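Both complexes shown next keep chain A, but they swap its partner, so chain B is in the first and chain C is in the second.
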Partner chain A sequence: MASALKTYGTLIGFILVVVFFWIEIPDTFMTAKNWLNISQQVSMLAVVAFTMTIVMVMGDFDLSVGSMASLAGIVAALAFHDGYGVEIGVALALIIGLAGGLLNGVLVAYVGILPFVATLGTLTIYSGLAFLVSGGKTIFGRDIPPAFSGFARSGIPLSDTVSLPSLTLVAALVLLAVWFVLEQTTFGRRLYAIGGNKEAARLAGIRVKRLRFFAFGLSGLGAATAGLMYASRVASANPTQGSGLMLDAIAAVFLGMTMSDEGEPHVLATLVGVLILGVLGNGLTQMSIDSYVREVLIGSIIVLAVAASSIGKARG
Partner chain B sequence: MTLLSIRDLDKSFAGARALSGASLEVRAGEVHALMGENGAGKSTLIKVLAGVVKPDAGGIEIDGAPISIASPADALRLGLRFIHQELSVVPHLSVAENIFLGRDYPRRWRFMIDWEGLNRAAAAVLAGLGVSHINPARKMARLTVGDQMLVKIAAAFQDASIGGGVPARLYVMDEPTAALSAEESQRLFAVIRRLRAHGAGIIYVSHRLDEVMELADRLTVLRDGATVATRDIAGLQKLEVIELMIGRRFAEGYPPRLAPVANEMALSVQHLSTGYLQDVSFEVHKGEILGLAGLEGAGQSEVIRAIVGADGGHDGAISLAGRPVKIDEPVSAWAKGLAFLPRERRQEGLVASASIAGNVSLPHLDDLVRFGLVLDRAAETEQAVGLGRQVKLKAKGPRQKVRELSGGNQQKVVFARVIAGKPEVLLLDEPTRGVDVGARYDIHALLRELTAEGKTVVLASSDLPELVYMADRVIVFRDGKVATTVSTEGLDQAALAALCFGTPTAPSA
Partner chain C sequence: MTATLRKRLPAAALFLSAVFAAGAATAAGKIAVITPYLAQPGTQFYVEAFQAAAKDKAWDVNVIDTKGDVAAVISRLEDAATQKVDAVVINVDPAQVEAGLAAVKDAGIPVVGMDAGASPYLVTNVTSNGYAMAADTAAYVANRIGGKGNVVMFVFDAFPPVQVRGVIADAVFGNNPDIKVLDRVTPDVSDGGIADSRAKMEALLAAHPDKGSISAVWAAWDQPALGALQAIEAAGRQNEGIVITGIDANPQAREAIAAGGNFEASMAQDFHGIGRAAAEAVAQTLAGKPPKSSVIYVPTKLITADNVKD
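What follows is the complex of A and B.
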């Protein structure tokens, strides 16, 4: 019983939250349209949380994802502003994301700075760069090509009234890719070994430094992808628009980690974490509850879930 | 007058006996050496005294009154103090603060610390131990390890000098000189003699026989968890001590050689030097088991770690089957057909959160791959099942987590990993440490099979019988250098022990 609660507590909590809103908002909550809406709302957070899972599998963090998302959006928008096409703008943003992530990787793996400190530093650098290159202004309107902003509004029609949003599809593809990398490849297996015991992994012939370097690159790439999704959705880019992503992404991974025996992050568990945050946001908004209350609630849920699973472990 | 009396302690960990009938009696005003091989039970005995380990049976008395030590706080309250090689000091505080840590500092105007008064008090405590060369205002971090240890002892000692707490009556020192220079050791001995003069009892654990003969009044020898003897140092011969420590064991329990050693060279190490090792050279032949012996930290482990590149680069040349190779990280060692079993199973060997199969496959993942990057789980499971059978692993299945296994079975998992890639050379650092008798025999039998197939084994071990009965030759290390190389043909454990201790009276082997 206790161990079931430990493993499934977070999942049960998620179901309770869903049931609560279903009862409180009977007309609109439990509808395909609302769920597709939720999926679109959380898609950017989801992408960041999924790629964050990759570094957290090794026991590391990437605090720079939010400012990297902002920077990537700005870079793409500036490219559009200078007359480059959608493909070029998107490619540039993704390259910046990968490069920024790999820089984190160099600092953590090769220079040997603690991930917390290294990515706190680059968080500030990327954020500063976003302000610097944009002049602190929001880039919007005619600068953003319709083909780019239209993507977030497009979708695959599922029936006459609802369609699967393209952003949701992107998040699903990233989920699939990260799941494949972490759970099906030798790369993923090695990352889990590093997270389990770095020294044993190294002595067993795992190139710990190189893998950490690449994993941070993937996290940066995910952050840039989310930044592009965000810019597309609001048809504009400003240097702070990604800033809320980092804490929510780490929170989602933590919520997911409470579902594993070993306290290891797994990307499907991260998905549950993302959905908890997304459903809470959606439901509370529909109930017209203050967004500050939402923050207090989400914070409490994270603390409760993690506390419950640590208490379970301390006893075990 | 008997200060501390320990009677017939028993303690088992997960079925393995660490203590069985360990007794020790320490008088007030004596330095009592506690000796024994690795695994003889010294650390467990000390942990019982420190309140970290609870004995299964047996009794402890202080001043003839039975007591129980349930926690480190109890030990402190009873006047026991522990000085380890790894000291817990606060490096950025001053010597004086480290001495008076956790106590009320002298004050000025009620709320301001009287730093001068504090330093004076610290100087007085140090002077009471005959230490005058340490400035109490200096930062702890700037002291040598030896001086830090003296400060730590002073901190333990000052309890008595200012009152309030329980006076320290018994000091337990575990290999205190391991990291000290000869001069620092002499200073420490002077302080220990002062403590003895103050009427304290000192339990002194050391591998260094010369030190013990110089410093101690009596010694107690543990073997296989039991006390074998307590003797006065006066009139005692070093060789007697060695014989007490290793006892007389039989060759039974070791599998016989299956095939002779080939004449072909497998591994050659020439002029290997690191920060610690100095100019180590040796060759191993196909089908040979080469033993590496020495006191703890004499260089055996370091040689193995240097060969596989565990600690980065080194000077010197290594060749495999006559071809020079360059190895500066473990991954290249595995790739070149060297397999490595590290000394510390938990810290360096296992990924406890992973399964048996996941631990076995770790260095061999590239052989278990489909389409370039997809892990072939079926093949991984199959590998673990096959090897598990070969090493006689007892487990629920290949996907059981290794943390759930006993120590012996965990070691078999690490061993399965070592042989999974069919390596030409196996570098094993204490492969049977903390392993039960059955698992030990299984591992030894496998070593015989592997060498019969022409594989080569380098075996670092602190278990002398293991070296004498399993190895073909043994290299003895002392202070990072090769002291001597001996054939195990007709070699007796006592002779090998004497070589490790560097005892000049040992018969030459």
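What follows is the complex of A and C.
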């Protein structure tokens, strides 16, 4: 019972929040349309948080994801501006994301810089590059092809009134891929081994450097994907638009980590973390709660959930 | 009971009490005001004026600040549509939040823009006339220097509302054959714009050391004008009669204009007037008589040493 509460405390908290909104906003909160809305609203954060989970499994961080998301959006928009098609723009942005992620991997794994410092450095570099190549401009209007901006507004119709948003679908596919990689492959299990004890993992014959290198590449790729989703949703690209994603993504992974006995990140738990953040944003807006109260509440919930879990675990 | 659960209870209590306290008020008209820019002084002024007008009309206004996040504006627009508010007011480029505006429109909820930009999704957009503001200050410069001399322009073409100001000033200066635009400077605005404008102006002063080689500085907003003023004063060239103008008439600019130095003129937008006019547009729309024009201009005023103290 006690261990179940420790493990499922955050999940129970999430369910309580949902039930609370259901009671307070009876007409509109617990509807398929609203939940599909929420799923679309959190989809960009979700993708960053899912791929962030991959590096956090090893006990590392990637602080550069927000500026990488901005840079990817800018790269795609500039490609569109120069007359390239949607496929080329998207491919270029993803390549930049992968390359930027792998650069983080080189710095962390091979050069041996602490991830916090290395990715803080690349955060600044990628953000600077986004400003440099865009000239600080927001790229919008005719430069963004309708096929690109239309993607974020499209979906698979589920009934006459609701449809499954394309952005939600992308997030679900990323979730599936990350879950498969982390939980079902030797690559994933080895990442957990590195997170448990780097030295022991190395002595057991795991090629720690190479795995960290690739893991950071995946995080960069995820950040670029989210940046493209963001650019499609706002039909524009701005050199700072992804910057809010990083802290929320780390917060979501931390919220998810409270659900594991070992304090390990798991991608399905990260999903719960993402949903907590998304549901609070959605429900509190519908209840007309002041947006600053909302900020304080979300921050408090993160701190309390993580604190409760760590105190519980320290005693357990 | 475990430690975990005991720790969790106060959190839940705090959460619930805060929510009830804030969600208690309900009224006839529910209006959501959504902006990423509440930290900007101008936005604060119109939101305050809007809230004051809404209080008289007994509306329940929910001001939502997404703190610079434009995608979050779309999310909050979708939530407002789900919540079925009576009207939405936005202060953000409508082209960037069309997905959310479409959701609001599908829910049959009217949207009024408060200095937002033109869009078919808006009933109307209440704003200042950027063309007119730039024309007023550029004409002021041209007249003050007698239609003759070198002018430095500070522009910012990346931001559409500021870009239109530059275009108009180009036209005014271009129409005076003896005015030469020495440079069209785009300052780095990440530090607020004053420091980098000062550095750019210092470089231009160094490149044009002779008295009279720079007649005027026209800035598309106040920060570069203030930076240019600092550079001119630091270079000891404040007595050469270099005329500086800005736009927005922020408190720092008003102080400089009142001091009677090189910074001579700026344009005051009526931010409170924009807020009030937006509230009026919402009231008309809710009454079933939406404003006819897709843009409502609130008059602006040229601020000089003569009227800065008014």
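Just so it is clear, the second predicted complex is superposed on the first by the 315 of 316 C-alpha atoms of A that agree within 3 Å, B and C clash if a C-alpha of one lies under 4 Å from a C-alpha of the other, contacts with A are read in each partner's own complex, and residues count from 1 in each chain.
FYI, a contact is a pair of C-beta atoms (placed from the backbone, for glycine too) under 8 Å apart; a residue touches a chain by one contact, two chains touch by 3 or more.
Please read these numbers as outputs of a predicted model, since none were measured by experiment.
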Overlay on chain A: chain C relative to chain B, clash or fit: fit
Which of chain B and chain C A:Ile23 touches, first, second, both or neither: neither
Chain touching more of chain A, residue-wise (chain B, chain C): C
Which superposed partner A:Val117 touches (first chain B, second chain C, both, neither): neither
Touching partner for A:Ile156 - first (chain B), second (chain C), both, neither: neither
Touched partner set for A:Lys33, first chain B, second chain C, both or neither: second
Partner chain in contact with A:Arg207 - chain B first, chain C second, else both or neither: first
Which of chain B and chain C A:Gly136 touches, first, second, both or neither: second
Touching partner for A:Ala147 - first (chain B), second (chain C), both, neither: neither
Centroid geometry (CA): angle chain B/chain A/chain C, rounded to a multiple of 10 degrees: 130
Minimal inter-chain CA distance - chain C and chain B, angstrom: 21
Chain A residues within the chain C interface of the complex: 1-2, 5-6, 9, 13, 16-17, 20, 24-25, 28, 31, 33-34, 37, 40-41, 44, 131, 135-138, 140-141, 149, 152-153, 230, 233-236, 238, 240-241, 243-244, 281-282, 284-293, 297, 300-301, 304-305, 307-309, 311-312, 315
Chain A residues touching chain B - in the complex, by the definition given at the top: 184-190, 192-193, 195-197, 199-207, 262, 264
Residue ranges of chain C touching chain A (in the complex, touch as defined): 2-5, 7-8, 11-12, 14-16, 18-19, 22-23, 30, 32, 60, 62-72, 74-76, 78-80, 82-84, 93, 95-99, 102-103, 157-159, 188-190
Residues of chain B that touch chain A when the two form their complex: 308, 310, 329-331, 333-335, 340, 342, 347-354, 358, 361-363, 365-366, 368-369, 373-375, 401, 417
